[in-house]
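Taking it in order: structure first as C-alpha cells, then the write-up.
First chain written, first letter: the chains are A, B and C, and each begins at residue 1.
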Amino acid sequence: MVLSVSDLSVARGGIPVLEGVSFALNPGEALVLRGPNGIGKTTLLRTVAGLQPALAGSVEAAPESLVYAGHADGIKATLSVEENLNFWARVFGTGDISAAIAAFDLGPLAARPAGALSAGQKRRLGLARLLVTGRAVWVLDEPTVSLDRDAVAMFAGAVRAHLAAGGAALIATHIDLGLSEARILDLAPFRAAPLAADDFDGAFL
Amino acid sequence: MSLNALWEFANPRKFIATTDRVLPWVAWAAALMLVAGLVWGFFFTPDDFRQGSTVKIIYLHVPSALMAINAWLMMLVTSLVWIVRRHHVSALAARAAAPVGMVMTLVALATGALWGQPMWGTWWAWDPRLTSFLILFLFYLGYIALWEAIENDDTAADLTSILCLVGSVFALLSRYAVNFWNQGLHQGASLSLDKQENVADVFWYPLLATIAGFVLLFVALVLMRTRTEIRARRMRALLARERMQA
Amino acid sequence: MIALLTRDLRLAIRAGGGFGLGLAFFLIVVVLVPFGVGPQSALLSTIAPGILWLGALLACLLSLDRILALDWEDGSLDLLATSPLPMEGIVSAKALAHWLTTGLPLVLAAPVLGILLNLPVAGFGWLVASLALGTPALSVIGTFGAALTVGLKRGGLLLSLLVLPLYVPTLIFGAEVARRGAEGMALTTPLALLAGITCGTIALLPFASAAVLRANLR
C-alpha cells in the first residue's frame, strides 16, 4: 500500500466539508474522486498532500512519495519550457527531463519561453513536471482543465505508464479520462453533516 | 485553583459565563480606584517644590506607560498559549488587548508631551524612552492591521502570534538600540522596590491607587473586548453554517 | 536549494524581473535629498551616512513584496511546499536571492552616491562595510514580512507597516557605524551589534518565516 487514508475529515475556511473519508491505494492503482463543485475535492487533495492539517483521521504514505499538482501549474513565464522542467528536476533531485518532454510532446516547444505557450500547452508542461519528480503517488487536482482531446489521451497514457511502473494516482476530475482500470470514489456520501458541532469551532456554536 | 482549572476558561462558553459574574466587580473596582486615586492625587497632595503642579500628570502618565508595556506582555503570553495549546479564547484575548494597549501607549505619549513642555521646554525630544514608546506604538499598529487584514480566523491568530513573538524580540532590541543611539532627558524609573530615591510617600500612595485603577481598567476592558470578539467569532461561525445549509 | 536560488536569480535578471529597480530608486532618493535640504556641502556631508542608509533601506523595502507574492500567484509556492525542500530552506534561499539582486547592488552603488552627498573620504570604507553587514538582515526580515502578507490582495502597504518597525535596530546600528566611520570615531561596538543582529536574524528568523508561510498556505 502506498497511500492509506482513514476516517479523514477536512475543513475549508474553518468549516468541515468532508468527514469519514477512507480509501487506500496500492501500487499500480488509480483512484478518481468525483463529486459536485464545492464538495471539498481540492481541500481533500491539499490535506492528503500535507498542505493543510486534517480535522480528524490520518493520511499515511511513505515519506517523500507524494507529488501534488493543483489548479495552478507554477510555471515561470520568463523561463523556457526546458528551464522550467530542469528546475523541478533539480528540486526533486532527479536529472533527466527527456522522458517528460517526450511523454507530453513538448519537444518542439522546449526552447520557447513558457509565457508564450497556450493554456493547454502550459497545462501539458505542468503535468510533465510530475514525470520529472520521480515520485510514486500523484495527487492531481483537475489535471485535464484546458486540455484538448488529444492531450487528454496523452495524459491518460502518461498515467497508465506511471501505473504500469508501479506508481499510483489520486485524481479529482469530472471528465472521463478513458482510464477504464481506475476505481471511482464518489465523495457525496462523505459530505460533513452541517449540524455536527464537535468541530473545532464547536465551542463557538 | 490549580493550573489545570485555569484551562477551563479556554472554553468560550465558560469564559462568557464566568466573566458575566466577574466583569461588573472589576469594572466598579476600576472606577472606584481611578476616581479615588485621581481625586486624591489632584486635590489632596502638595505641589512638588521644583515641578509645581505639573507633577500631578504623573497620576495618568506613569500608570498608562506601565499598562502600555504590560498589555504587550499579556499579548505575548496569550500568543504563546495559542501557539502551544491552541485555545481560541487566548488568541482572541490577545486581539482584544491590542487596541487597549495602543491607546495606553498614546495616552502615555500625550501626557508625556504635556508634561515635557513645561519641564523640558519641548513637546517632543528623541529621548530613548520616548522613542521606544513611539516604536511600541508602531508595533501595536502593525499587529492590529495584520489581524484586520486576514479573513480566516485561525490563520490570523497564527500569523499575529508569531508576529507578536518576533515583534517582542525586535522591540527589546530596539529599546537597547535606541538607548545606545541617544542618551536622554527622561528621568530614571521613579518606582522601584529596591531603591531609596523613590518619589516621596505623599505622591506614592495616590499613585499606587491610580496604578491599581489602570490595571483594573485594563482587565475590565480586555474582558469586555474578548467577550465581544468571542461573540463576533460565534456569529461568523453561525453565518458560515447557515451558508453551508443553504 | 541551489536550484531555487539560481532560478530566482535568473527570473530577476530576465525581462520584467525588476532587477535594477531598487537601484534606480536608491539613486533617485539620494538625488532628491539635496533638493529638499539645500545644497550646502557641509550639511550634506553630515547627513550623508544616514541618508544613504535610509535610501538603501527604502530601496530594499520596495522589492520585498516580490519575494514570495509571484510564486504564490502562479502556484509555485504550493508545489515547492510539497517538494523535498524544507520550508526553512525555501525562505532562506528566497532571502539570499533577494539580497543578491537587491542588497548587494545597493552596497556596491553606495560609494558612488556617497560622492554626490559629499561623504567624507574616511567614511566610504565603513559605509560599504556597514551596508554589506546590515543589508542581509534587511532581506531576511523582509522575507518574514513577505511571508506574513503573502496571501493578501493589497499586502504591499501592510508589508511596509509590519517590516519598518522591525528594521529599527538594524538601521540604528548600521547608520551609526557609517556615521562614526565618516567622523573617524571608534565604532567597534555598533559594528559588533550590527553583526550580531544580522547573524541572529539569519539564524532564527527563517524558522518564523517558514511557520508563517505554512499557516498562510493552508
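As a convention for this text, a residue touches a chain if its C-beta (ideal position, glycine included) is under 8 Å from a C-beta of that chain, and two chains touch if they have at least 3 such contacts.
All values derive from a computational prediction rather than experimental measurement.
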Subject >> Identifier of the chain whose CA centre is least distant from the whole-structure CA centre >> reply: C
**OP:** With centres defined as the mean of C-alpha atoms, identify the chain lying farthest from chain C.
**Re:** A
Subject >> Selected pair, greater C-beta contact count between A-B and A-C >> reply: A-C
Subject >> Geometric centre distance via CA averages, chain C-chain B, whole Å >> reply: 32
Original post:
Roughly how far is chain A from chain C, going centre to centre by Cα mean, in whole Å?
Top reply: 37
Original post:
How far is the middle of chain A from the middle of chain B, if each middle is the mean of its Cα atoms, in Å?
Top reply: 48
Subject >> Residue list for chain C, restricted to those that touch at least two other chains >> reply: 218
**OP:** Would you please write down the residue numbers of chain B that are in contact with two or more other chains?
**Re:** 152
Original post:
Mind pulling the chain A residues that touch 2 or more other chains?
Top reply: none
Subject >> List of chain B residues in touch with chain C within their complex >> reply: 135, 138-139, 141-142, 145-146, 149-150, 152, 155, 158-159, 162-163, 165-167, 170-171, 173-174, 176-178, 180-181
Original post:
What residues on chain C touch chain A, complex-wise?
Top reply: 2-4, 7, 10-11, 14-17, 71, 73-85, 217-218
Subject >> Residue numbers on chain C that touch chain B, as the complex places them >> reply: 144, 148-149, 151-152, 155, 158, 161-162, 164-166, 168-169, 172-173, 176, 189-190, 193, 197, 205, 208, 211-212, 215-216, 218
Subject >> Touch list for chain A against partner chain B, complex >> reply: 13-15, 194-195, 200-201, 203-205
Original post:
Can you list the chain A residues touching chain C in their complex?
Top reply: 46, 49-53, 64, 66-76, 78-79, 83, 87-88, 90-93, 129, 133
